[in-house]
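Chain IDs A, B, C, D, E and F follow the sequence of writing; residue 1 opens each chain.
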Amino acid sequence: MFLSVKRIPHPIPPADRPDPKAAQALQEGLGGQFGEMRTMMQYFFQNMNFRGDATPYQDLLRCIATEEMGHVEQITNTINMLLDGASNPSTQPDDIPLSVALDSPNIHHFLVAAQSARPVDAAGNPWSASYVYDSGNLVLNMLYNLMLEATGRLQKCRLYEMSNNKAFRATVSYLIVRDLVHEKVFAKALETLGVSWGKALPVPRINTDNMPEVKDLESKNLNNIMWTFTNNGEPNGMAEIFKGESPFDDGGTLEVIDGFPEGADIPTYPEVPQEFSPGLDTELKKLAQQVQASG
Amino acid sequence: MFLSVKRIPHPIPPADRPDPKAAQALQEGLGGQFGEMRTMMQYFFQNMNFRGDATPYQDLLRCIATEEMGHVEQITNTINMLLDGASNPSTQPDDIPLSVALDSPNIHHFLVAAQSARPVDAAGNPWSASYVYDSGNLVLNMLYNLMLEATGRLQKCRLYEMSNNKAFRATVSYLIVRDLVHEKVFAKALETLGVSWGKALPVPRINTDNMPEVKDLESKNLNNIMWTFTNNGEPNGMAEIFKGESPFDDGGTLEVIDGFPEGADIPTYPEVPQEFSPGLDTELKKLAQQVQASG
Amino acid sequence: MFLSVKRIPHPIPPADRPDPKAAQALQEGLGGQFGEMRTMMQYFFQNMNFRGDATPYQDLLRCIATEEMGHVEQITNTINMLLDGASNPSTQPDDIPLSVALDSPNIHHFLVAAQSARPVDAAGNPWSASYVYDSGNLVLNMLYNLMLEATGRLQKCRLYEMSNNKAFRATVSYLIVRDLVHEKVFAKALETLGVSWGKALPVPRINTDNMPEVKDLESKNLNNIMWTFTNNGEPNGMAEIFKGESPFDDGGTLEVIDGFPEGADIPTYPEVPQEFSPGLDTELKKLAQQVQASG
Amino acid sequence: MFLSVKRIPHPIPPADRPDPKAAQALQEGLGGQFGEMRTMMQYFFQNMNFRGDATPYQDLLRCIATEEMGHVEQITNTINMLLDGASNPSTQPDDIPLSVALDSPNIHHFLVAAQSARPVDAAGNPWSASYVYDSGNLVLNMLYNLMLEATGRLQKCRLYEMSNNKAFRATVSYLIVRDLVHEKVFAKALETLGVSWGKALPVPRINTDNMPEVKDLESKNLNNIMWTFTNNGEPNGMAEIFKGESPFDDGGTLEVIDGFPEGADIPTYPEVPQEFSPGLDTELKKLAQQVQASG
Amino acid sequence: MFLSVKRIPHPIPPADRPDPKAAQALQEGLGGQFGEMRTMMQYFFQNMNFRGDATPYQDLLRCIATEEMGHVEQITNTINMLLDGASNPSTQPDDIPLSVALDSPNIHHFLVAAQSARPVDAAGNPWSASYVYDSGNLVLNMLYNLMLEATGRLQKCRLYEMSNNKAFRATVSYLIVRDLVHEKVFAKALETLGVSWGKALPVPRINTDNMPEVKDLESKNLNNIMWTFTNNGEPNGMAEIFKGESPFDDGGTLEVIDGFPEGADIPTYPEVPQEFSPGLDTELKKLAQQVQASG
Amino acid sequence: MFLSVKRIPHPIPPADRPDPKAAQALQEGLGGQFGEMRTMMQYFFQNMNFRGDATPYQDLLRCIATEEMGHVEQITNTINMLLDGASNPSTQPDDIPLSVALDSPNIHHFLVAAQSARPVDAAGNPWSASYVYDSGNLVLNMLYNLMLEATGRLQKCRLYEMSNNKAFRATVSYLIVRDLVHEKVFAKALETLGVSWGKALPVPRINTDNMPEVKDLESKNLNNIMWTFTNNGEPNGMAEIFKGESPFDDGGTLEVIDGFPEGADIPTYPEVPQEFSPGLDTELKKLAQQVQASG
């Protein structure tokens, strides 16, 4: 079972401007082959299908799967913030309020959804569960997951270089740092099984001097901390693996924190009448308000 | 953000026998168009993309999305229990330990996964995010969700009639009851917006005399209770909608409970050497055990 | 069986200008999840697979399925008219006659088809029969269909706001009105089974003052009329359901007309040599003309 | 526009026995790459997107597209008849009324549909519009269509050899004969453009001595007749192409008949309570009957 | 088995300019339904699954399949050359080095791949093996292949008209000529089985006066030559079919050459640090260089 | 460019019996996510898109890609041999010669193909190019490829345990050994970049005492040899990486051989009239024989 906390993991500053192109690029991180929906589902399935009693490995899969649920929320909200304000209600008879849709890379943001995120990648392909890898073999699963996190981080580093919109970069930077931690988790897990990584990892190697938002988050050690994402201190074996020195040559000391990060308020989104969203007319709005008044 | 609780919502009794056919049928409830992966993702997206200030409706989407995460876990574990024991390690030179795979409806259970669940439907199609519906329009979303829950429940009632394996029926019955509650949630939400359902709902109408497991769960009022699936008593507007009389003519009184059900232990699964799962030889197992010893 | 009438349901005025972007947007209404190919196929399957003797419901499915075949034709022709003239034959050695394709949202309009419509949605996804819903349950099918028509109409209202090209708006407006009638059909069908809609429907609620083409069609009562789309007065039960007051609070009186609308001539399209369409050289053209002369 | 006639093209005798395997094989002819949904849609798109004034070729596409709509109906009804009776309502507490589903090749026939046809192929893949070919080039379209009909007929000849269920063979034989006519249509169209087929066609060459149902239909000249599938004698150029000698060395004389075949009554299907189809309880049934009484 | 030769079939001049739009258009020729991946796989499967002893037909399938492997390489390299130089490493703190990606028709060229080709079509759909046709029937396979080559050539003729970038046109022109030869191969194969094509082929008919690169290649008789693509003079029956006069009225004399064309060097591509490709830092580069030094 | 050699890499003994179930299981190795079509295409794309001058790594990708083309041929032929003889021509009027198709796990083997292999996986999903991974990053590509080979080998070890049909096991065993070599190639490549594998590899660890065919091939050192699959001794850098000790603790010494293995004759397949394959009647056969006589 899972519980919800009404917070997103990391604050999202306002977008510099409505930015449907940046929003669509970010869809790769949500619904792409190496995006958050995939990591979440892959670790969840590997956790549920786990065989044998090597529970620390099973536990770490569950912790990361749970963190990824929050990442899905983080990135979806960022897409929404980038889309917000991209159209305006008609004020003149000749207005074409949604004409922006015809010049946006994903017309479905405006035509199928109400100016909001979709479970697709940056090329518009719907997320598919055929992406989910679970061989049932522990070494292979860890190896795949390491590659998955590194590829996800590679793509986010490329995304960072595609736009400097503040809302976009805040979330991309946060995920670059968290993907790095997850890369460490799986590299460390393989280290416990005898692998030594030399200088081959992490991939990609980045120069954070050119990525100030990333540098700032690393200065807060967010690149070495794992949370358990549990609510009650139940036994969790992840700390038996994720401890001691970083498996990479970056001088980090790994740490597991029982619980979850403070996070930030979930953004709210205004009504968009030109999208008929939520589409309540005066009478229905009155009914909806009666509901709230009754609370 | 979300937190994990190491429990499944409902106990699963041992399977009468290994049952790959029942396991594959149950995949529809996991990865089908009207299965738990879909309800979870659909409500999650509708919650994240919500527009306007009718927060009780946004809240109920979040509560149900979170409950569905647990249902994914419930049904995946049931599939795993039905698959467990379906093959045996080789003990004789001429054994063909995985020959059962060639007579099973989903060979991937044995060939791609290690005798465990897959994110696909009962016909083997991978789950696709193209199933997820979010129009951004409140009335339409509620209407779709009502239809979705009723269709999910219809399929589960059909599943009930396909096998009497105890593990299978326990979970199917639990989900029939919970889908009924969710049907009530969305019917009630539409009732607050002016719709009156007469005798048209629920769909399907079933005779629980022929479904003793369902009857038993309803006798515990599990067909009228919603949990918030939160961990800290944060404000939740669902109770402003889900209260009073059932929207169906079944005499129920609706109730929201802050928190989550007690649930049951998550099952564990033995090693299956013929699947190379987890595939640790003596040396690797020793390394893995050192990890645990170090905890 | 079905018969063809060489007419489209509604006249299409010439496009203001060739408009590949508007054409691609309109593809959603043709090959999208909530487009005409889908409604046509869904009602056709529900009609063919109908169980039991509640024939009026079976009949109305057949009538609408048949109307939708004409809507497929209406929207395909509109896309073609918007694409027509978007390129020109080469007249100078250095011309790049199809360069427009590289700046169009769906290059397949020019590269795979000969500047004409494709069975895909506005994001380029091919139409899939996985969209077709037929549960076999009467109430659920009616509920789904109601939601389907309302969603289709929602998308067409959004389309209306994306472009003011006259050819585009004529067809979009016609379909907004016809979808409204279909919404009434299914709402009424559920009304006969005990549901009362209050003010919740229709969705979306629109202000036709801002949609003069829609207002004009409604003034002709096209929002309250159903045709049987039969050719011989065979018994048809639809009128037993679709009669009396509109299920919505709009003062309409429902009416079934035996037969089909007058419609308009099907547009014709010129040869486009730069597309090699139809690609007949002088000799082949002569052969083709001999065929006609022989008639 | 299209009109509906409440008839199927060819009578279907009762199935020898419920036969889910034969039903699933027949799905290829409905939803397969070379099945009736595809021919219908391909010719419909080629007709709508036609360029230039060679109208006889455009007309023949429309005639065949319209005939194929009836073939979709023919084959869907045959699948339904093969599925009918495959399960029984529960009469004893321990019955498992839908257990047949677990031994059927397409569990969706019972789990998603209510023991009825689905828009998928014989391997369960949903029909996809990516199958539809329309190059806009007249010669290529005719060549593709010839190959398409021949492949469809090849598959139906293979189907004939897979089962001797009478309902199955009646429809398969009818379609073998009609596909042959369509093969002739496109071969003839290419003949008018200069191609001579020698003895290469038809494909496949079959010995109808082993296919008595086929032989019987050919004895009625159903292998040389085309109908216009129009209702009003509007001008139709198909007869300018489809006339004179068969393009194959089979001695046939081609003939176009204005109108459509007599056909047979559309089968009806009983309620299946174990599928909750149509799922009306006593009260709802009473409401549905009031509708009919009011007619 | 197959052997590699480190050559591409035809030289590619430098691109006039980086050209992501032309690159994406060219993807159709690589990963489209009628592109080189498909022809290669289709002929390979038809060759492997061949039944009976008509070996010349089996041999020609193998020769063309092998040639198509080289065409995959030719077109992939052309896409890469068109993408090369489209972005630049950051030299200033505020640079957004990959911003070009947001204005390119396929963001995956920059985000998933490292500014290089992808196995997708021009609309971004991944290549699917559902495209591969192998009926096992000789006449049908030849007919399909003829249509396939003609359609591929039609699309390449349309591509020619979309851009005048030199790199683009060099490869497109080469493939127009080679597709024409392949059209002849299958037309000739059907001629041996009794078909006479009159003036119906080739499709499309083009005026090479407007396509100087094509004209130049035809002047070298590249439109009448087939290579065996074998390395050792093993017996090959293709020459028993592909000989004598061209099946089209173009005066060509068909010729089979044992071996393969001279071709050109395979292009090489520079490192792109902003893509982290190949992503070796100083230390890893040193290790990689040690490998080479050790050779 | 590539050249064809008319040999398969490894002899296939006759199948013990026609075995459609084993044939379908083997489809995973052909068209599955971790099958030979995928490895071939993935390495081919990584080779073509390679950036930078670390040519030994680029070369090894090309060598393995080329070897995989032969593996596609090996496995396709094995599937064909397992399907051969599964049906018989009709000899009596009441025969149902293809009835076996209704009891086979992939009816398409008989209905779409002519009792032969299809480009799909063991669950019937068509191969998709969305499987192909090419990040452009050298370390990530090597890591992915290592995981890919290990997963492919894992699945083949599971296949080995599913059937003891001799034709099946001969090819599966050969591929288990070759996948192991490829696992070594990528493990070694990462070793040159600083990774040390300890005892973590290979995955899976198998006991070849229970796999005599595998043991036999390893006794011939086929688990330590790579061929270049070139025909002319062109420079090849693979040997700079694949040399010295095995990266696994198995005592092997790695060796590169210039050229390719001796292999075995490609099997031939008889005509199957009940499949209309190749479908030549007396007259067409005569024409086909004239072709050969003319050679």
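To be clear about the criterion, contacts are C-beta pairs under 8 Å (C-beta built on N, C-alpha and C of every residue); 3 or more make two chains touch, one makes a residue touch a chain.
Treat the numbers as computed from the prediction; the structure is a model and nothing was measured.
Peer 1: According to the touch definition, list the chains common to the neighbour sets of subunit A and subunit E.
Peer 2: Joint contacts, listed by label: C, F.
Peer 1: Trace the shortest sequence of touching chains from subunit A to subunit F and report its length in steps.
Peer 2: 1
Peer 1: Is the contact between subunit E and subunit F built from the same residue numbers on each copy (over half shared) or from different ones (under half shared)?
Peer 2: Same residues, largely: of all residue numbers at this interface, over half are found in both copies.
Peer 1: Measuring between Cα centroids, which chain is at the maximum distance from subunit D?
Peer 2: A
Peer 1: Using mean CA coordinates as chain centres, what's the gap between subunit A and subunit B in Å?
Peer 2: One centre to the other, that is 24 Å.
Peer 1: Roughly how far is subunit B from subunit C, going centre to centre by Cα mean, in whole Å?
Peer 2: Spacing between the chain centres: roughly 38 Å.
Peer 1: Between subunit C and subunit E, what's the gap in Å when you average each chain's C-alpha atoms?
Peer 2: The computed centroid separation for subunit C versus subunit E comes out at 39 Å.
Peer 1: When the centre of a chain is set as the mean of its C-alpha atoms, what distance in Å lies between subunit C and subunit F?
Peer 2: Subunit C and subunit F have C-alpha centres separated by 48 Å.
Peer 1: Residues of subunit E that contact two or more other chains, please.
Peer 2: 33, 112, 120, 124-126, 128, 130, 135, 137, 139-140, 154, 193-194, 199-200, 203-204, 275-276, 279, 283-284
Peer 1: Mind listing each pair of touching chains for me?
Peer 2: A-B, A-C, A-E, A-F, B-C, B-D, B-F, C-D, C-E, D-E, D-F, E-F
Peer 1: Show which residues of subunit C lie in contact with subunit E when the two form their complex.
Peer 2: 90, 93-94, 96-99, 101-103, 106-108, 110-112, 124, 126, 274-276, 279, 281, 283-284
Peer 1: Which stretch or stretches of subunit F touch subunit B in the complex?
Peer 2: 21-22, 24-25, 28, 32-33, 105, 122-125, 154-155, 157-159, 161-164, 199-200, 203-206, 210
Peer 1: Applying the document's contact rule, which stretches of subunit C touch subunit B when the two form their complex?
Peer 2: 33, 125, 128, 130, 135, 137, 139-140, 143-144, 146-147, 150-151, 154, 190, 193-201, 203-204
Peer 1: Residues of subunit D touching subunit C in their complex?
Peer 2: For this pair, the touching residues of subunit D are 1-9, 31, 37, 41, 44-45, 48-57, 62-63, 65-66, 69-70, 72-73, 76-77, 80, 112-117, 119-120, 126-130, 132, 134-140, 192-194, 229-232, 234, 237, 239-241, 260-261, 263, 268-272, 275-280, 283-284, 287-288, 290-292, 294-295.
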